[in-house]
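Order of writing sets the chain letters: A, B and C. Residues in each chain are counted from 1.
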Amino acid sequence: MKKSLVALALMGAFTGAAYAQSSVTIYGTLDAGISKLTGGTTSVGKRDNNKLGFKGVEDLGSGLSALFQLEIRYEPDTGTIENTSGANSRPLFQGQSRVGLQGDFGTVRLGRGLTAFQETSTQFEPWSGMPAVAGYQTDLQVAGYTTDPMSPVGNSRNRFSNAVFYNSPVVGGIFQVNLTVQAKEANNNPAIVGKGTAAAPQFPANSAPTTTPYSLSATAINGPLGVYGAYEKNAIQSKIWSVGAFYKAMPELKLMGSYQSQDQTENVTINPKTKAWLVGANYTVGAGLVRLGYGQKDPDNVLNSPAIAKTKQVSIGYDYNLSPRTYLYIDASNKKATTTANFYSLGIHHNF
Amino acid sequence: MKKSLVALALMGAFTGAAYAQSSVTIYGTLDAGISKLTGGTTSVGKRDNNKLGFKGVEDLGSGLSALFQLEIRYEPDTGTIENTSGANSRPLFQGQSRVGLQGDFGTVRLGRGLTAFQETSTQFEPWSGMPAVAGYQTDLQVAGYTTDPMSPVGNSRNRFSNAVFYNSPVVGGIFQVNLTVQAKEANNNPAIVGKGTAAAPQFPANSAPTTTPYSLSATAINGPLGVYGAYEKNAIQSKIWSVGAFYKAMPELKLMGSYQSQDQTENVTINPKTKAWLVGANYTVGAGLVRLGYGQKDPDNVLNSPAIAKTKQVSIGYDYNLSPRTYLYIDASNKKATTTANFYSLGIHHNF
Amino acid sequence: MKKSLVALALMGAFTGAAYAQSSVTIYGTLDAGISKLTGGTTSVGKRDNNKLGFKGVEDLGSGLSALFQLEIRYEPDTGTIENTSGANSRPLFQGQSRVGLQGDFGTVRLGRGLTAFQETSTQFEPWSGMPAVAGYQTDLQVAGYTTDPMSPVGNSRNRFSNAVFYNSPVVGGIFQVNLTVQAKEANNNPAIVGKGTAAAPQFPANSAPTTTPYSLSATAINGPLGVYGAYEKNAIQSKIWSVGAFYKAMPELKLMGSYQSQDQTENVTINPKTKAWLVGANYTVGAGLVRLGYGQKDPDNVLNSPAIAKTKQVSIGYDYNLSPRTYLYIDASNKKATTTANFYSLGIHHNF
């Protein structure tokens, strides 16, 4: 005790945390390309989410580990935090902010991240769950469903904030169950009209969920075959269920498909049900990877309500790997909904 | 000079800064838990500040060092930058952003950080200065005082921006003096009514302080005994003075207490004076640490103005250390003010 | 295939990216000082941009490399992201966010960064392109020109978002050409009145450029002599051209100067043309560096429109190097425009 408190504080601040450096891994993705959508200008955009992350594992002994992960998301073309329209920024750690423990019991984490359904389903999608325009994850693979509607405008559509995340161990090397449960906290959402009126919205601004939102998924993967099933209910009681499978017909060829069904009967008066399906393939050729997909999204009663259109999407993509961390890509896609648009994209994807 | 400027710029940008990597330490805290306040929902929250920091020391020779530190603060439950109500974000480097020199003369730094009073007093508080609901730092240990009222809404309440920070060397291994002085810069504060009216506020929006805000603290630590005294005056001329002590009665037991008195006579018409005191203990039991505290905050003339209530808080906490960097915790607290509330919290605290 | 997808995802998230850590260099600058401008208060400010960056190079073989760079900019006195007036924050990665490839063909990058003109011209300025009040880069060396007027308020004035950046190889060890081209994307700019009216602005809010903005520069550096020429046209068709040179008369002495001419005839009705020139010197004395500069900025027809004044600036600065990474500095400057102001600054500049 020969040093004063401030001296100790300074020492801790500047030298005492030497153990810290070794425990943090910095990682990320920078993906930028040139793209063209029918009717739009040639623009600089992205195929994948852009990430700058910090993570670590601490071995606590006896098979127990502590885990943390913080992931910034950003737009490389403008240098901003990830946003939806240029106006509403998402959280700094949009990717995730979670801490927890891993052991024989599985993994338990607290914070913000992808739900069990969203994390599981991305693996059964031909663009690997990337939010590419040519991909199927953000629209068709979730049948238009939004995981966290009671968030601020512009927030994520596939994550829970204020949540507990559980992943079971892989039983028999085959089976795993995942569960995400969200606390019933108000989170500064704008009013959601739902079955109410603008003056008396079903969900007023800054509402708390009336029932607990949760997400459940299960996977079984054995040799070349993998299947999953998932169910999720959000804060305004919209529900989705989904099943899917992949099959590695050859070492170079992975076939996959999924079916999903959204039920919004609790908060939508017309066309509350939406079904979607997709099939896809990944084919490896030398340093290249061909991505193929076709899918449809069908709101019910489309015939009676032409404003709510059926969606059909066909896409092809090609990755050329310059290294295990870097590839060039080209995508082409045709999407028919209320209007029809072609999309082309050419870019570079770099992991660090 | 065989390379062009841009080539040199690129080289510098991509390879020339090889020395840089070795000089930066990344550190941080991720603390998340489940908590329940009387009348509120079960929610995901935190006990400690959550940090992601970057710091370094450069040895300049002759006992001189250059120091820098940048510290992001964030909310792990939502992934956002730290904020107060979900609406007003704090600065990206809310924790601190400072650069300076350390030598025989002590430490001089410029930028933004905790004032001398705030940095010193946290060490005499049973929750180690954490902003836990069960802790005493943010309300009782400062007698309701705000260090930087002329900041934007939602900004920090215990830091100076635009400041110079001085810490003396530890004289005789015992004594240290710390001084923080803030420049009289306007900093985009909203109007503060004070003794004026809404139409003619005492401090208009974006005011500059009329006198220089400063903070002074002194510590003496010898063997098991430590004492401090501190005085601070902010930009609207509210003042606080505080004294405190700790005593390590046994190696496992640290007793502590402090007294503080805020004087707002320059800008508040009724109840301008507030006194507070607290006592606490930290007791180590094996891998565990028990935290105990009791304190009161007394605005003057409470009897004549029942809206300004006396506060009484009793708290107990327990940390279970899984490693030197990771612990689980449980807190329970009862706080009586205008209303009475119980608080319970269970979580994980991970340093990296 | 004995592990489930989520297990694999976790493994990837926590251990699989071991290659990542080695590829990221963290670097930055923390510069803070005390400054005084005639008529203003003594304040804490900066001489240089403050940076926290992440960058890396991946060797792809055959002389090809992948590059990325992300650079946060911030204000050390308040801890915020860099901003212009305290009200409008710039992008998180204001410095740059770029990814690309380098090879025999030169360097191609996509994203956001300094234009060819801006990046080249900084090297011919006596304050090394720093945005110091005593320096010439932000006002005189660009003759008042703004690179990206169709950005959100407060955004950068010398960068392109949504751009492709090309730097040629250095031909013969002497010549290099640089080109930046911006996509014609709307980017949430406020309305710009231009030659229109407030009701019918020439460039409405969120306009797309009608012609493609671009920037071109060329350098020739041979022994002690370097020259450049540059031309740039922005999204509202303002143009600038610039030429400059440096000459190392002695190893300790670098002389430099530049001339630039802005043409705003497409969007300004009075005084559309502005010319500027500057001369400067850097002189090394032991561990010190003396910076000297003089320059003028002349809008046309100043006599007929006294509100648009001629600017004359003279500055002297001194750096004292404590190490290759850290120096103390002092600046003094006199600037005559519509008003005349003296500026003094004393601070510390630390690279990490």
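Everything below uses one rule, namely that contacts are C-beta pairs under 8 Å (C-beta built on N, C-alpha and C of every residue); 3 or more make two chains touch, one makes a residue touch a chain.
Predicted, not measured: the structure shown is a model, and the values here were computed from it.
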What topology does the chain contact graph adopt: line, ring, star, complete, or other? complete
If more than half of the interface residue numbers appear on both sides, call it same; otherwise different. Which is it for chain A and chain C? different
Return the distance between the CA-based centres of chain A and chain C, expressed in whole Å. 36
Which residues belonging to chain A are in contact with no fewer than two other chains? 26, 56, 92
Given the complex, residues on chain B that touch chain A span 25-28, 30-34, 41-44, 52, 55-57, 67, 69, 72, 74-81, 86-87, 92, 102, 107, 119-120, 123, 167, 170, 173-176, 178, 217, 219-224, 226, 228, 248, 322-326, 347-348, 350-352
Could you list, by residue number, the parts of chain C that touch chain A in their complex? 1-7, 9-10, 13-15, 17-21, 23-24, 26, 54, 56, 58, 60-61, 64, 66, 68, 70, 91-101, 110-112, 152, 161-164, 183-185, 187-188, 208
